[in-house]
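Two complexes follow with chain A in common, the first pairing it with chain B and the second with chain C.
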Partner chain A sequence: MSALGGGSAGGEGINPTASVIALVIVLVSLGIAFALAPATLIPLIGVIIGGVLISFGVHFVPVGGAPAAMGQAPGIATGVAMLAAGGGLAGLFGGAWAAEMGIWVALGAGAMGGGLLMAITCLMVNVVYVYAMGIPAASGKVEKDPITGDTYAGYRSQGTEGHGLPFISYVGGVIGGILAGAGGTLIYLELLSVYEEALPSVLGMTPEGMSTLAVSLAGIFAVGMFLVAAVLTAYNITGTIEGPHDPKFKRWPRAVIGSSAACAACGLVAILLVVI
Partner chain B sequence: MEEILFGIGISALAGALATVAGAAEDTESDIGSQGDPNSQVQLAPQMGYIHRIYNKAISGEPPAYGLWVALAAGIAWALMAIQYNAILALIIGSAVAVFVQGVYATTAYLGRTASLAKFEQPVYIDILKSVTTVTMAHAFVAVFTTVTMCFLIIEALGHPFPLPLMGLVWGIALGAAGSATGNPFYGKERQYQNYPFGAGLPISASGDIVRYAEAGQRSSLDNGWFTSKGAGPASGICFGLIVFFELWRTILFEPFAAGWGAVIAGAVIIIVFMVIDRMVETWARKTYGPYTTEAATEEEATA
Partner chain C sequence: MSVKIEASEGGMDHNVMLGIGLVGALVCIYLVYLNTLMSVEVFAFFGGIAAIIALWWGTDSIKNLCSYGLGTGVPSAGMIALGSGVVAMLFATKLAGISPLLVPVGCVVIAAILGAILGFISDKVLNMNIPVMTRMIAELTVVGSLTMLGFTAMVAGTFSFGDLITGATSVFGVEIASYASSVIGGCVLATIFMLGAIAIQHPFNACLGPNESWDRTQMCAIECGSLSMIVIAIMSLAFLSLSAVVISFVIAIILWGWSYSELIKLSKRDAFAWLDSQPIREVGGEQ
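Moving on, here comes the complex of A and B:
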């Protein structure tokens, strides 16, 4: 029953040595980018912030995994990285569409795209639980919903740790989708700006001819980095999480530090592709 | 005005395609047992319950569908680049992707089931023959509708992503929506049909899945028959709503307030869904009531 117990592999503390190593990786990556092409420094910082947003956002998403599929634990019955990727990439779709309208509108569109996917998915999860399975929502981690004040003690069926999506988990899912969507879009926009600038001179073609290649490269790297940040965070969560009220939520600084280092290294590779 | 009407029409068509895709995806994953409930299918023989349920969960649904839809989109894109008819290219792309899905399903079933040999779980060749093709048929419907939807979004609505990347993004979203919505119904409601309705499964009952049907042993095809009445349509509605609202809010509201219109519309739609969710939650609490009387008393005292 390790998935239910939420095994505390690694605990909640921050490992100072690992954090210093992560910081060094971030600084070295920024230093290399600055030394080779100073103009890429800001985009790389944007990529790192995008990774941080994704990593932080994933902690909000209520993921119940296999136990949720049997109504044994609350949350959405799928994997952490899977669900976050679905939400974040739907956000990336919206953000990329609005890229011409400026960075802030594109970020807003990306955030809302991710939030919308999560809002609809979480609603349908509750609809299935309530109308198809006759099971009300109940949290296993708190006795009282921090937003609505609903009590859960009587609403957990016997032998389970709760089920469905309590309102706090629903709100967490939407916030997670919004942050992940904005993070994925930010990575895409920053890489797109680098590629649109550098590709025409690297390959000696017109900017118009390069736009499909720039969009494709930026999109693929954004998807890849999204998965890097989301999977790292999934390891930090270890199994299932109910949302912002779950004690595991407190582990977020560790994942944020790890994701910033990973995204710095990946972002540097993505930028070096056209700069060298 | 005509452009907006055309855009809304395409959004509706894309939403309809997505609805079919979501329903087919969930039914495929339930017949093939690819979602999280497959943990029980894998666990059952270890608890002494030998069964005839398919078992192909070597990957989550989102990455699997990301692969298949991106593959179909990539092949269709390449064929269109050499002047193939678009519809033919989409069909050929989907067909090739489905053959990959068939290879995946076959190797996954053989591999996962063979790993249970020491618990005396046999590999049934007749299951391999009868169920694999059914999952492939459902996967074709899901992949073809998704890749057609992606094609429409690019060609008719002008999204900048190339078709393979669009296929990857929406394939992953399709798997996420389908697995999230459909898994509890397949897991609790079908695999543990002999446990009381209206309650979660006690943790101690894990592995005791239903293995017998009205006549003989239960097959995964029976599971598809059952879930296509609940989880399949629900997943379809979920994915259809996601695609429709994502496109609709952009087409209709992006011209307002320098693009902020679509963002505000998205926020409003999210709040509306949040209110509906709260109503569903409250309805369930009032209608079904608490499981234990002690808690009911406690509830009244709190109120």
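Moving on, here comes the complex of A and C:
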């Protein structure tokens, strides 16, 4: 599904040297944060966990891309960047709205926001597939649905990798939305706590005046980091995945390592904004 | 290792484009600083021109990166560019506390470091094994941060953190300083983010294919950039004086009109055949 028709590059397996370097980046970021401002160590760990949740969650989401739009592959007919932005940002906004009610309520609201958006998207995708395009849901990667036990072989069209959105992909989509929504909200909450604490002393302003500023800064950083983690995951699964039953799902460790390093670096810069 | 597929023959060398894009964008952003030096606001439009120059360069970087099989669509490269670019750009505006002249250069340096880390992760940790990936992701992060910085400078007339977080609201004719009505506090950044992202991810996505040609893709980049610049000019009405807004708006409209007509000319040149379609005439009936 490359733009110009070339084969997808992503190989299997983990590159040990690069993974160690990525973990060193995480540790160095944590070390710099601890050295400059010990209080920001816990928020930075929260940001990294948020990135890991996003990256792991996106692997569950059934991304079909262009082949799915033509009914030649299962999944939702768009790319990871759009799906993750939709599901994750819906979760992020849900969580941001509940931010004043404590971290667990906010995380729950974020997770529900992301999960709800994916549930509605998956439902409407299947409505369009079944009633508008006239194709049944059939997975191309497994013969039997791992949850319901339905067989797919009789419904799969010749020359396709399956089509529609099978039950296991629907469940995967909702789980992915929940994880990604919670991850995005966690990044937002951790950055918000740092800014609300540090901005008044750094900029010499009243705490009342700067709450909108802290919310805006944390929000735009959370959106940026969310997209970075989601796109890195998209590169890992090389564009399309059917859900948790897809063999590509087993690639998640390296996306988790990569996203944690990326979020550590971006999170460190975001926290240094108020530290130096 | 993935196979490279040549997107288009000819065109300017990428290193030359990198030089023009980097230097041009930096010079234009520095020209916005004339606002602070001369206590005026009319030089804000240079920020938009800086963003267009950066987008022009970034489109070629995306083309180089997407010549290899990414597996996912072209827009993802634009999203990672702006997503990491906004982090670098916001941090760089804080450097204005040391010296405002450090902001644009600091923005490039921080974005390049962040981009190199992200490029390394996608190339080596995620096993993409694309030779140009580290360099192109680093370039795209710089492009994303320069686009954000340019458009932010255009909307606010300045690029120092202190000015970006304070705005003034008028309550019953009395001016009150307010953080909520500033560029960052009002989250105008989110709109700038999407306007920049659309402008960087669209040109190559729209022009790719067997018949892609360098000048048409680059003209599409200028066209998308000026289209975003028009919207930014309208948004700057909230922060700048009317004369500065009118100047920005007129320049953006002229740039867009010129680039759009050029793009249509180039599209007609590259098309196999061009049919100026007419409205379908109803024949028969009353005749």
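FYI, the second predicted complex is superposed on the first by the 266 of 276 C-alpha atoms of A that agree within 3 Å, B and C clash if a C-alpha of one lies under 4 Å from a C-alpha of the other, contacts with A are read in each partner's own complex, and residues count from 1 in each chain.
Here is the rule we use: a residue touches a chain if its C-beta (ideal position, glycine included) is under 8 Å from a C-beta of that chain, and two chains touch if they have at least 3 such contacts.
Nothing here was measured: the structure is a model prediction, and the numbers come from that model.
Visitor: Looking at the superposed three-chain arrangement on chain A, would you call chain B and chain C a clash or a fit?
Guide: Superposition check on chain A flags a clash between chain B and chain C.
Visitor: Tell me the contact category for A:F93 with respect to chain B and chain C: first, second, both or neither.
Guide: A:F93 contacts chain B only, not chain C.
Visitor: Classify the contacts of A:L232 with the two partner chains as first (chain B alone), second (chain C alone), both, or neither.
Guide: In the superposition, A:L232 touches chain C alone.
Visitor: Where does A:A262 make contact in the superposed view: on chain B (first), on chain C (second), on both, or on neither?
Guide: second
Visitor: Between chain B (first) and chain C (second), which does A:A22 come into contact with in this model arrangement: first, second, both, or neither?
Guide: Touch partner of A:A22: chain C, not chain B.
Visitor: After lining up the shared chain so the two structures overlap, which partner does A:L123 touch, if you call chain B first and chain C second: first, second, both or neither?
Guide: In the superposed model, A:L123 contacts chain B only, not chain C.
Visitor: In the superposed arrangement, which partner chain does A:S157 touch: chain B (first), chain C (second), both, or neither?
Guide: It touches chain B, and chain C stays clear.
Visitor: In the overlaid three-chain picture, which partner chain does A:V223 touch, first (chain B) or second (chain C), both, or neither?
Guide: Both partners, chain B and chain C.
Visitor: Mind working out whether A:G79 is in touch with chain B, chain C, both or neither, as first, second, both or neither?
Guide: It touches chain B and chain C both.
Visitor: According to the contact criterion defined above, which of chain B and chain C contacts more residues of chain A?
Guide: So, of the two partners, B touches more residues of chain A.
Visitor: Does the superposition put A:L36 against chain B (first), chain C (second), both, or neither?
Guide: neither
Visitor: Just one of 3-11, 21-29, 39-47 or 111-119 in chain B runs into chain C once the structures are overlaid; which is it?
Guide: The one stretch of chain B in steric conflict with chain C is 111-119.
Visitor: Across the two complexes, find the residues of chain A that touch chain B and also touch chain C.
Guide: 1, 4, 65, 79, 82, 85, 212, 216, 219-220, 223
Visitor: Where on chain B does chain A make contact in their complex?
Guide: 35-37, 39-40, 60-63, 159-162, 165-166, 168-170, 172-173, 175-177, 179-189, 191-192, 197-206, 230-231, 234-235, 237-238, 241-242, 245-246, 249-250, 254, 258-260, 262-263, 266-267, 269-270, 273-274, 276-278, 280-281, 283-285, 288, 290-292, 294-296, 298-299, 302
Visitor: If we count contacts the way the header does, which residues on chain A are in touch with chain C in the complex?
Guide: 1-15, 17-19, 21-22, 25, 65, 79-82, 85, 203, 205, 209-210, 212-213, 216-217, 219-221, 223-228, 230-232, 234-240, 254-255, 257-258, 261-262, 265-266, 269-270, 272-273, 276
Visitor: Taking the complex as given, what residues does chain C use to touch chain A?
Guide: 1-5, 7, 66-77, 79-80, 82-88, 90-91, 94, 110, 114, 117-118, 120-122, 124-130, 162, 165, 178-180, 182, 184-187, 189-190, 193, 204-205, 208
Visitor: Considering only the defined contacts, which chain A positions touch chain B in the complex?
Guide: Counting only chain A, the residues touching chain B are 1, 4, 65-72, 76-79, 82-83, 85-87, 89-90, 92-94, 96-99, 101-102, 105, 108-109, 111-113, 115-117, 119-137, 148, 150-151, 153-167, 170-171, 174, 211-212, 215-216, 219-220, 223.
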